[in-house]
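Chain nomenclature is as follows: A, B, C and D, assigned in order of appearance, with residue numbering initiated at 1 for each chain independently.
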Amino acid sequence: MGVTQIYVAVVGGGEAPEEHRRQAEAVGRAVAEAGAVLVCGGLGGVMEAACRGAQAGGGLTVGILPGRNRAAANPYVAVAIPTGLGEARNALVVAAADAVVAVGGEYGTLSEIALALAAGTPVVGVGTWELARAGEPDGAVVRAGDAAEAVARALALAARARPGG
Amino acid sequence: MGVTQIYVAVVGGGEAPEEHRRQAEAVGRAVAEAGAVLVCGGLGGVMEAACRGAQAGGGLTVGILPGRNRAAANPYVAVAIPTGLGEARNALVVAAADAVVAVGGEYGTLSEIALALAAGTPVVGVGTWELARAGEPDGAVVRAGDAAEAVARALALAARARPGG
Amino acid sequence: MGVTQIYVAVVGGGEAPEEHRRQAEAVGRAVAEAGAVLVCGGLGGVMEAACRGAQAGGGLTVGILPGRNRAAANPYVAVAIPTGLGEARNALVVAAADAVVAVGGEYGTLSEIALALAAGTPVVGVGTWELARAGEPDGAVVRAGDAAEAVARALALAARARPGG
Amino acid sequence: MGVTQIYVAVVGGGEAPEEHRRQAEAVGRAVAEAGAVLVCGGLGGVMEAACRGAQAGGGLTVGILPGRNRAAANPYVAVAIPTGLGEARNALVVAAADAVVAVGGEYGTLSEIALALAAGTPVVGVGTWELARAGEPDGAVVRAGDAAEAVARALALAARARPGG
């Protein structure tokens, strides 16, 4: 553990279809198996699935919660950080990460994708938002077909993005 | 002035092409002429143009700044609120608004659109981000062809969204 | 109005004894008469009294609210900024100010005094917290006997603290 | 690990005299030996000493950093959370904790003490700020003579403060 590890945020819906939860669990497991720390918003759906996968893979899970009550964290969060900031905590999930993997997701997830891109933090997407301007697709979110590819790309991009990485 | 007024956030790039700045200025003027308060991120580009328009229309302009230095505000900001929060201040621009008008914009603007949609705050777009999932366009951002239409729609939606409105 | 004005935060209890409310009202009026903007947490007690005084003095009042509902602002707030950050908004009240005047107050007020001192923002106190370490009084909070003296000192210190001031 | 653990924040100066660092190290060790998670601001001085003690005691250390660079964390931080919020992160250190132990400290530490008291989170002090109003000492900070007593009291108070505790 410590400051030399890579931190990967997994973002997605607090309620999510079975397919997204299965993908998120595989992403979490792959993050753990790569020795990286998993960061998320700490709640259910994609966040819970990713934490469950990471714990199964022997990894560390961090949940940065919107409310002030630690008990709101899903049971697979090892380090639960209540903030009381509401949705403004999305900025913290992103700030804590060296790379972001987005699985599906609603508008909160879109805000995390956007905040990451604004900060220059790489984002890999699995079945998530598609962005365009004036009819031109925006290619900033790196597309991955499955969890293994998503994590491999996220880790490679994180290593490149980190100072001295 | 006061708590009964409508607050409209105008979001867009800190550097922006001439066309977006012209539209933002017209949006700002229309916000002011409707008696609403203009909120923005306080910097240049679309933000400055919107403030200039609002001041020309006799309205009040509020800039919620990312840094701690009030002097970073553009000269058309009447009430400059330094925060020191960096990009996390985007959540505050949105929280301060009853409706959001997005003009063009980069990833920071996209984060404001997404945070607004996540909070149930209406968003009207002029030449801004287009969103889709699984190839299906997402219709949550109300499209407007020009500034007058954008502000009319934003005010109508804000009135509907406000408690008791 | 604008970025060249001085902003003075008045901090104190949301519920406050008559004496503190009377002092806060006089502070608010003096801030307005000096042409400065009054910033506060937007709620009742000392905050409401300060806003009432500032409005009576023809000044501008800004309330930075802990919740997301603008209607929680007291009726003398001209510019109401909901944040949804809870008590973390105390840091924003301080960040928005060139000087702080504390009137009485509970622990939230103490946090604003401390955040201001930590940031190098001058603090003037009227009947507020007394600080000591190892039995030695800490003199960082400038004591004032009444509202007129408090505002005069706050404005003088603000002018000195501002870059180029 | 997980949501059932107690989290204790240790707050104090980023630069601190030898005596405070020695006490903080003993506090960190006692927190770890009690099976609690140590939370802090992640930097030097008291924060670093507390983390070193906690790691020596086999415990988990969390550092919530003011900047965006994880590398600013002291080497004994196991989970480093950059925030980019500046001093506003003090509110997060407190929000993450079930109890706070203050060792010495400057104005930033005082803000953490105050934010904790405002939120109803118990605070135990070792050689830290003394508070009074109108000449009357305020007894909210529980005084402890040494690290062992401080941690014992913090854990007892945390258990009482937690919902269901």
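Observations on the structure shown:
Here is the rule we use: a contact is a pair of C-beta atoms (placed from the backbone, for glycine too) under 8 Å apart; a residue touches a chain by one contact, two chains touch by 3 or more.
Note that the structure is a prediction, hence the values are computed from the model and not measured.
When chain centres are defined as mean Cα coordinates, B lies farthest from chain D. When the C-beta pairs in contact are tallied for B-C and for A-C, the bigger tally goes to B-C. Separating the centre of chain B from that of chain C, both taken as means of CA atoms, is a distance of 28 Å. Mean C-alpha position of chain A lies 39 Å from that of chain C. Residue positions of chain B touching 2 or more other chains, listed in rising order: 68, 84-85, 87-88, 91-92, 95, 119.
Per the touch definition, chain C reaches chain B in the complex via residues 1-3, 7, 37, 60, 62, 64, 68-71, 73, 75, 77-85, 91-92, 95-96, 98, 119, 163. Residues of chain A that touch chain B in their complex: 85, 87-88, 90-92, 95, 104, 106-108, 110-111, 113-115, 117-119, 127-135, 140.
Residue ranges of chain D in contact with chain B, taken from their complex: 68, 83-88.
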